[in-house]
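What follows is chain A paired twice: with chain B in the first complex and chain C in the second.
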Partner chain A sequence: MTDLLDRPPGGLPYPGGDGDDLELMLMIRAFEYKLLDLFAAGMLNGTTHTCLGQEHVPVALSPLMDPRDHVFSNHRGHGHYLARYRDPHGLLAEIMGREGAVCGGVGGSQHIHRDRYMSTGVQGESLPVAAGVALHLSRAEPGAAAWAYIGDGTFGEGAVYEALNIAALWRLPVVVVVENNGIAQSTPTSAHLAGTIAGRAAAFGVPHLAIGSTDPAEIRDIVAGPLGHVRAGRGPLVLEFRTHRLGPHSKGDDTRDEQALREARAGDWYHRYAAADPAGLARVESEQRAYVAAVADEVAARPPSTGRAACG
Partner chain B sequence: MITMAQALNAALGDAMAEDEQVVVFGEDVGALGGVFRITDGLTAKYGEDRCFDTPLAESGIVGFAVGMAMGGFRPVVEMQFDAFAYPAFEQIASHVAKTRNRTRGRVGLPLVIRIPYGGGIGGVEHHCDSSEAYYAHTPGLKVVTPATVQDAYSLLREAIDDPDPVVFMEPKKLYWSKADIGRLARTEPFGRAAVRRAGSDATLIAYGPSVPVALETAEAATQEGWDLEVIDLRTIVPFDDATVTASVRRTGRCVVVGEAAGFAGVGAEIAARVQERCFHSLAAPVLRVTGFDVPYPPPMLEHHHLPSVDRILDTLDRLQRDDLPDTRFLALGGAA
Partner chain C sequence: MRVADNLNAALHDLLDRDPRAYLLGEDITDQYGGAFKISRGLSERFPGRVLSTPISEGALTGMAAGLALAGDTAIAEIMFGDFVTLAFDQLVNFAAKSVTMYGKRLPLRMVVRCPSGGGRGYGPTHSQSPQKHLLGVPGLAIYEVSPFHDNHAVFGAMLDRGEPCVLFEDKVLYTRPMYPAAEPFRLTPPETPDGFARVALPGGDPDCVIIATGGTAHKALAAMRALLLEDEITAALLVPSRLYPFDFPAAIGAANTVFVVEESTAGGTWGAEVAHVLHGRMWDRLARPVQLVHSADSIIPTAAHLEERVLVSESSIHRAIRKALRG
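Here is the complex of A and B:
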C-alpha cells in the first residue's frame, strides 16, 4: 500500500510534504472547487457532495490511522480519501470515468474501495460493517481499528444504534467520527435530532469526545489518548467534530439564509491560517490550486476507463 | 432416517469443523440452537467465538457479516423468519449484492444468509412469506433452496464454500421431512436442476416446498393418463436454463408451481424464459400455480392459498392435451 501513497498511478506526484497539514487541507479544498467547476462546465455527471469547510477532520485523523486500520467513508468522502492516499488523480479519474480510476469508474464519487478503505453513500450503512471488520481485527490483528465517518443526519438511521450496541457489547475497536456540520442536506440538526449525540453515545456506555478545534495538531493531541484505549481493546469511541459546511449539500440545494451561511463561513478553519500568515497561506493555496488544475487537465485528457481498477 | 433440519445442522457442523473461519451467528442460535434447532449444539461443540447470539438487529447482523467477510471470516447468519429479514434488506441490496461489482472483483463476500421461508406450518403472516423473488431480482445474489434432505446438506455446504454471497432459503414445512441417507455427501454444484421424476407429457417446474407437492401431483395424474416430468430447480439463481429447456422442448407443455404470489414472481420469470426458449415446441401456454396475490392468509385459509394437488391437476386440464385449442378460459374473461 505504501508505494501507492505518494505516487499515484500515472499522475503528477503530489507536491505536498508529508505531515504538512495546511498543504493537504488546501489540496482537498482546491479539489472540491475544481469538481464544482467541472460540473458547471458539463464535464461531470450525476452529483457530488463536497467537504468544503470540513477538510481538517480527515487531515487531522489520517496520521493516527494505522495501515492495518479499515476506514469507512460516506457520501461526503473526497477529503477522507485524499487525506489517506493523497491521490487526486485516481479519485478524479473515478469521478470522471477515466483511465486510472480507483475502482475502474464503477464506484464514482460515493462508492470508493481501495485496500482497507471503502465508502458508501447510504447513510449509516457502513457502521455495522465497521463493527464486523472490527471483530475480525480484534481476533486477527489486535491493535488495529475500524473507523467510520458519519454525519449528524446519520443519527436518524437505526443501523447506527444496532452497530453501537454490538460494538459496545463486544468491546470492538470502532472509532465513529461524526462530522456534525449542523445540517442534514437541508434540515438543521435542531429539526432532526432529539437530545444530543453525546447523550446517544452515553446510552450505550461509549466514550464521546466533542471537538471544536480546527487545528490538526491539537486534534491529534486530543484524540491520541482515547484512541489508545480503543486499540487496547476497551471498546468503541465516538469523536464528534463541530464542523461547518461551506457549500451546498450537493449542488444548488442550499436552503440556508444569509445569516446561517455567514456563520458557517465564520467557522472556517481557513481564517485561522489567514490571520497567522496571510502571505504564506496565499502562496500554498496558489500552489495547490495550480497542482489540482494540472491534475484535472491531465485526467480529463485520458481515455475513458476500461472498467479495470487502478489499485487494490 | 434423518430430518432436513438435522441435515442442515450437520452441514453447518461439518463446515465449521473443516474451516475455522466459518462462524455462525444470529438471534437465539446459541444456547437455544435457533427456533428450528438448526444450530443445535454448535456453540457447545465449537465455542461462543464460532456460534453466538446477537441482539435483535437484522440489519446490524447482516452488516456485521459483511464486515466479517471483508476481514476474512466466512459468516453464516440466520434470519429467524422470512419477514424478519426485511430490515436487513438494505444491507443485502446495497452491500451484500453490490460489493463484488463495485470493487471490480477485488472484494468478494463469502457469506450465507439463511432464511426459513414459506408456509404450511399454520403460522402468522410474518412467519410464512415466500420472499425469494426479492433476492432473485437483486443481481449479485445467489438464491438457493433445497427440497430434499440430501440437498439440504449438499447445497448448504456449497453455499458456505461459495466465494460470493448466497441467500439460502429453507422451506420450513420440510424441516421435519425425513430421508434414509447412508452418508451425507456433497453432490452437484450450483446451477444444476434435478429431474425428480421423468415423464413425457408435460413438465412441472418447482423448487423448495413445492417439489413434494409437484411429485404427489405427478403420481395422482397417472390416474388421468398423464406422464409428468418434475424438475426441482435447487438453485433459483443461477438458473438452469439447459435442463428446463431440454425438458419442455421434449414434453411441449409446462406448469410452474410455487407458493409465492404469482404477480411479478419467480414463476413469471420461469414462464418467460420457457416461452423465449421453447416457443416452437410449446403445444399450450405456460401456466402457473401460485399463491394468490394477497398478504399471507390466516392458518384456517392457508390450504386454499398454497398450491395443492387439486389445483395443479385442474391446471393440467388446461394444457390442451389433444392439441385442440382450449377455449374455456375465454368464458372466464381470459384470466389464467
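Here is the complex of A and C:
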C-alpha cells in the first residue's frame, strides 16, 4: 500500500529529489499554508496545528532515521510525516476525510499510524510508549531507536519525567526531539517552564544538545555522533531545537503581539535561503506551491473516505 | 491450590510458552516477588523479561503498550488497583484507542493486572474496586479473577482479544482456594475460558439468580447457603470472568429475579451496566427490576469495624435478597 500512497491513482508523484532539503521544507510549508487556506474556505473539519517555521527539524532528522526506527509524533506533526514519507496526498486525504486517507479519516491531523510511525494527540503520552518500543528494539533489533517529537510545553507533563527516568536507567535507545518554539499554545515558555530543558536532561544524566541551526546538513553533522551512542546502547538523547512558530497554535488563535511575531519571523530558516539565492528560492517555492495546490485540488475531488486505512 | 498460586503458575506458563512475553511492575522481581507475591520466582526463571520499574504507573503501563505495539506480549502489574488512576491516560487515550483509531485493527497483546478490593484494612486509597472507572471504553476489556476460572485460560482469552485488558484481582481471593467446595451446590465450569461459571442446586429452577464478580463469589455463595437453610430461598450463582463487554448469560435460564453483586461502592457501578443489559433482553419476564448489591456510598475506612460497615458482605447480600423475596 505504500506504493499506492506514494503514487496515488490520478495523483502527482512528489517531484522533489530525495536529497533536496529545501524542496522538502518548502513542500511542507506550502502544505501548511494550503491547510490554513482550506480552513479559511470552510473546507476542513475540526482543527489542525501547522508546523510553519519548524519544517527544517524533521527534514534534517529524517535521513538519520533508520527504516527500523520507530517515530512518535505529536499534535504538530504534518512535517514529521511528510519528511518521512513524502506523501502529501495521503495526509491531506486524512485531514479532509477523503479516499486514500492514511488512516481512513478516523485519526485526522493528529492521530496517524503508518508502519513504524505513530502520532497521538495527548501531550507527553508518547514518551512512555516510545520507551517500551525502545525496550523491544534494544532486545530484538539492536541499533534501532525510538524517536519522539515533543514541544517545550510537553515538559509540563509528568509522563515525560517518568519515561526519561526509566529510559536513562535502562539505557534505552530513545531520542527525544524537543521542538522548543518558545510558546505552548498561548503561554510563553517563560510562563510555563521553570529552569531549563538542558537542566532537566542533566538531572537524569541524559546527554542534551541545544541546536539553534536551521541548516539541515549542519544539524545532521551535530546529531550524528551522539546518535551513534544511542544506537550503540548507551541510553537516550535529548535534542532541543530552538525554533519559531510562525503561525497560530491551531487555526486563527494567535494572541502574540506584533513584536513577538516579528521575532518569530526573524528566526525563520527561510531568510537564510532568501539571502543566499533569492531567485532559486522563489523558483522552488513556486514549484512546490503549484505542486501542493494540484495535490489539494485532486484530493478535494475524491469521494469521502470509508473509515478504513489506506495503509497498514 | 490457592488463587495466588494459580495466578503465579499462569504467569510462569505464559512467560515460558511465549518468549516475547514481558512482565513489568513495581517490586515484582525476586526475592521480593511483588507486594502480593504473585510474581514470585518469575524474574529468576526469566531474567530480562520480568522487570521491576520505578514508581511510575503511567510510564510502566505506557511501556507495556509500547512493547505490545512492537509485537510483544506485555503484562503490567499495578501494585494496588487504586493506582490504576495514574495509568488512566495510557490505558484510555493511548492503548485502547490505538486498537481502532488509526482506521484499522491494530492488535495489542497487553494485560494490566490490578490487585483490588478491601477487607484487609489498607484504608481508603489501597482498598478500592475501581473497575467501574474503566467500563465503557471502546477497545478496553475488563476482567476479574474468580475462583472458578483457571487463570492460564483467562490469560489466553485476554491476549487473544488483541486489545488491552485490565484484570482485577481481589486481594482477599489470593489466599482462598481455587474451585472451593460448594456443597450442597454444584459447580458447572465455564464453557469458554472467560464465560460464566454456574453454581446451583442440581435440577429445578432457582428462586433467583445472583450474578457476582469473582471477588465477591465466595460471599455470594455463603449467602446462598444461609438463604437456603434459613429462608428456604434457592439461588443460582453466575460468575463471569469478563466484566466488560458484558455478554448476556445464557445460563440465566428462566430466572425472573436477578441480583448483581460486586464490591464497588455505590454509583455508576458495573452492576448498573449489567442491569441495563439484562433489562433490554428480559424485561418482559422479570418479576422485578434487577437489583444491585454493592458496598456503601463511602470511602473505605481503615479500622476493621468501620470497613465492615461499608463493604458488601455475606450478610448484606443475604439481607438484600431476603428482603426482596420475603419482604
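Rule of thumb we're sticking to: the second predicted complex is superposed on the first by the 302 of 312 C-alpha atoms of A that agree within 3 Å, B and C clash if a C-alpha of one lies under 4 Å from a C-alpha of the other, contacts with A are read in each partner's own complex, and residues count from 1 in each chain.
In the analysis below, a residue touches a chain if its C-beta (ideal position, glycine included) is under 8 Å from a C-beta of that chain, and two chains touch if they have at least 3 such contacts.
What you are looking at is a predicted structure, and each value in this text was computed from that prediction instead of being measured.
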- Query: When the two structures are laid over each other on chain A, do chain B and chain C clash or fit?
  - Reply: clash
- Message: Taking the superposition on A as described, I'd like to know which of chain B and chain C A:D215 touches: first, second, both or neither.
- Response: neither
- Task: In the overlay, answer first, second, both or neither for which of chain B and chain C A:V129 touches.
- Result: both
- Message: On the A-aligned overlay, A:E287 touches which partner chain: chain B = first, chain C = second, or both, or neither?
- Response: neither
- Message: A:D20 in the overlay: touching chain B, chain C, both, or neither? Say first, second, both or neither.
- Response: neither
- Note on the structure: Overlap of the chain B and chain C interfaces on chain A comprises residues 70, 103-104, 106-107, 111, 113, 118, 120, 122, 125, 127-137, 139-140, 146, 158-159, 162-163, 165-166, 169, 307-309, 312
- What part of chain C is in contact with chain A in the complex they form? 22, 48, 51, 53-54, 56, 58-72, 74, 89-90, 93-94, 97-98, 100-104, 106
- Contacts from chain A onto chain C in the complex sit at residues 70, 101-107, 111-113, 118, 120, 122, 125, 127-137, 139-140, 146, 158-159, 162-163, 165-166, 169-170, 305, 307-310, 312
- Item | Contact set on chain A toward chain B in their complex | 70, 103-104, 106-107, 111, 113, 118, 120, 122, 125-137, 139-140, 146, 158-159, 162-163, 165-166, 169, 307-309, 312
- Message: Touching residues of chain B toward chain A in the complex: what are they?
- Response: 49, 54-55, 57, 59-73, 75, 87, 90-91, 94-95, 99, 101-107
